[in-house]
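In the two assemblies presented below, chain A is common to both, partnered first by chain B and then by chain C.
Up next, the complex of A and B:
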């Protein structure tokens, strides 16, 4: 006699299907799948990003990996790793001049020249960055979620350590989530040879008298947020965040040209240096930033519109507006196409100067860093994604980012009127992402 | 600290205002449960964008903690 497994009856199959469907709708785990879920492998996302600015400026090749796993029921471990390789030339802050300009590199150990009329780019820029972060997410109660994390990053001259925690509480039948987060960071910058003395003149080759020690800063971030389900197709989020920085906030590699107030020509630097007069920048030792952020995501018959807006203001007089729009066209469940546009606008920091004028009183703070100037930014891009046979996804996006800035008022004196004092920044962003499947 | 309290009050007020929303029952959340409807649907893209713009602009953060750990700014 041959024993056979009883075939599942139609009723049994239907019952099992209904159980699965009911549990799925209620957002609960199917009892029989608890063990299977515990054995689920890591969710792994990887990406390769290439960021490349035109005119030989900065290029970054970035590898990113994110892995997430449910270690125990409802308890997740999230790990990220990023590796960046940066090359290219970075604007030093000096303005073009009618003759060849010679600069001592930030280390004081070498010099480089810039041709007449050309933007002053520091070609000694080269760095690698490795960043790690880990976060642990666990429920504190049925409706409250806690996430704690740590972050580390290391560059040739820069180290970062950080801790963060976030609590999210659901209420209103889980239609509303209120969250509060705090992050603490300590960063140390150790330029080769030491940080320059603020507003000290650039010196000749091998002269280190303008160098100080390392710099460090503490950053504290607070974030308050509300996420709300508006209806079956729409979810919105509002955040308020406050960021307080304290310590060395100056960029040790940025300088300002000191020019004649009538001719706009760089004046002579320290005797014997053979250089024109350039001084190292100086920023305040504290900075408070606040931002309001709003996001809406809405489903339109299977496609998704995402719109966000951020207003930021700080006590350096920088105000900014950021508006982002994405529209994801889903072609079935397998493919999607997503255009993206981002508008950005910021005002200049109150101590932003394109140049300093000779014989004028030296201000307490001054920077010619274009990132603290007044400019508009625009990003346009497209992304295409496709599901893989193993239940994962690959996607590729290409974006173009441009900045158009305005020099500080009254800067274009004499010869400077004929130069572009705030060259546009144009960058290409290409990213390929692969999400591993679980099948 | 005053600003923090102010922000907390604003968020609490917004949360209270939203409690008046009709909301969506759990069995009507099929659309909201889709990966592409999550607040952050592509964390790697969000992280790399945050890093790029933190490095090139005077602003950061908003949605999460702002892009720390970089000497690029």
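Up next, the complex of A and C:
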């Protein structure tokens, strides 16, 4: 509701005459300016997201509140608070076996078992996460916008702190925007029971000799982007980003089964442990990712098609392609319906192994984390949104995600050939959002 | 000015701040002394007691009368500095003493800028007529004081009885925060306005009204009929570059009655109306 620059066409002739008369009265040659705006309440976006994987795997309930307010002319403060609660079971990395398998939980203080032939899920998986971020956005000049921010998050075994800055500059009658961003993060991982010694075997109950201390990592992200208005109906965007991670990048809870190279049966673990041989994973201490992203947004008579593609490649040999399409159907000015489809495909990290073979030389790095394997993902969903009488909006979104992966080549030896070594993953996503306080 | 005046200064230098306050206060006092219709011997008093004789006025008064003449034109006769005599019939004291039509009819011959002979610097009123520049005076004083303060500092806000002007933002670029509320609706949703530069002026019927047979008579009088304007908002606050302009837009809009908001919207100005 800023009217410091009211449209001249909207100004009645009376107003113009009054301005002239008042200037004459006050002996002014030019009318002054007025900078007044009604103090607006916070614009608040709230969202509740439920992510639920089938077969009792991970469930996440996430509550997110974002508040934004114009604190001074063109200067915005943005605060976000997020709360996540994760429950369920997460694949540990071990493969199914013909017998009951026993595992020591990360704390070293308890054990759990997995039935014969069943995927090895670590049921002790439970976490809550609280995250807070703040950003300040201000113009540096008429065409340049700066935003700086900080973020913090806390889980019982993970702490994140981050700083970020972004500068955007408009050119070409504001049809082109060039932006540059940088983000720095420092994360500390304090695994339950300490971080395991890389590739060391899982030990029996109460045996902590394989545990080390905390880990930490630094992540630096750079982003270079250009947004171009092509015409009244079309806008395109290209981004290049570089992300460098340095430090403890291993997942302290993930293990690999060590099996006989012929029979595929797990071999015996450390003497006296009563366990089969499982070793903790190990990943390189650096990871460089690069990605290219392109987006086209086009208006078709009030409805908007959005198509984007991302290519990501990293020095772990993970390459991924993401293609995403959204179409927003507007019904009048107050309701919309938006189908969404996303295709995802990635190659495996070079050190991805479904299992390790007994008596073979131990590799320097190995992980059986399915997220670093080769897989395809498909997401389909719909969203419905509606404006509220007070100028806010609510929306509901439902999506279904399905993921199909491929085990590392040559893994299905002996008994393993009869198991699903990369189980499909299906998940349901439901989100409800409510925005209020909009101008 | 019959209302509290304040000067807010955002400066570190105490002596400078005091100078600013003194300059503004002196100008407020000067304008009030000159334009108040309650001050015997001032130019308004001379005009109103001239008994049909021609009065020669000074430059400043002449500019104000020119302005009054232009407003009369622009408002098609609704803004009229000669309408003050109607107050002899209307006393807005919250009672039900609505005057009779005869009384008002008898006063109407004394109202009407078109009957005034004004050729700067000479002003001739018909005997019995009066002029009252009170509808312009307070806002004019704010703008005058602002012009004198401006060379000293722009980091100040002048507030003369609710009509106010920010010369510029506070130190550090922070705008001033001004509360706006309906003048006579207790508890009506107050608005908070950030004012970096420019003026806000409010016109309204405050607590001055009459009520008879369930009908409310607001104190904004239509000089053409002699009766209160019907269906006007209770108060209007307008933002404009100068306080005088903001005040005139607020007053002119109230004179439009039920079309007040539409009138302001057509002028392309920011306003806050309470009904």
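One rule holds in what follows: the second predicted complex is superposed on the first by the 398 of 439 C-alpha atoms of A that agree within 3 Å, B and C clash if a C-alpha of one lies under 4 Å from a C-alpha of the other, contacts with A are read in each partner's own complex, and residues count from 1 in each chain.
The criterion applied here is as follows: a residue touches a chain if its C-beta (ideal position, glycine included) is under 8 Å from a C-beta of that chain, and two chains touch if they have at least 3 such contacts.
All of these numbers come straight from a predicted model, not from anything done at the bench.
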Partner chain in contact with A:72 - chain B first, chain C second, else both or neither
second
Of the two partner chains, chain B (first) and chain C (second), which one does A:142 touch, if any: first, second, both, or neither?
neither
One more residue to check, A:289. First (chain B), second (chain C), both or neither?
first
Identify the partner contact of A:320: answer first if only chain B is touched, second if only chain C is, both if each is, neither if none is.
first
Which partner, once the models are overlaid, touches more of chain A's residues, chain C or chain B?
B
Considering only the contact definition stated at the top, list the common interface residues of chain A for chain B and chain C.
25-27
Flag every residue of chain C that touches chain A in the complex, lowest number first.
63-64, 66-67, 70-71, 74, 140, 143-144, 147, 169, 173-175, 177, 191-200, 239-242, 244-245, 248-249, 252, 266-270, 272
In the complex, chain B touches chain A at residues 3-4, 7-8, 10-12, 14-15, 18-19, 21-34, 36-37, 39, 42-45, 47-48, 51-53, 56-66, 68-73
Which of the residues in chain A end up touching chain B in this complex?
25-27, 45-47, 49, 51, 62, 64, 66, 80, 82, 86, 127, 129, 131, 151-153, 155, 157-158, 160, 162, 164, 171-176, 178, 180-181, 183, 185, 187, 189, 219, 221-233, 235, 237-243, 251, 289-291, 293, 295, 297, 299, 304, 308, 310, 312, 314, 316, 318, 320, 322, 328, 330, 336, 344, 346, 349, 371-372, 377, 395, 397, 401, 403, 425, 427, 429, 431, 433
Provide the residue numbers of chain A that touch chain C in the complex, in ascending order.
1, 3, 6-8, 10-12, 14-15, 17-19, 21-22, 24-28, 31-39, 72-73
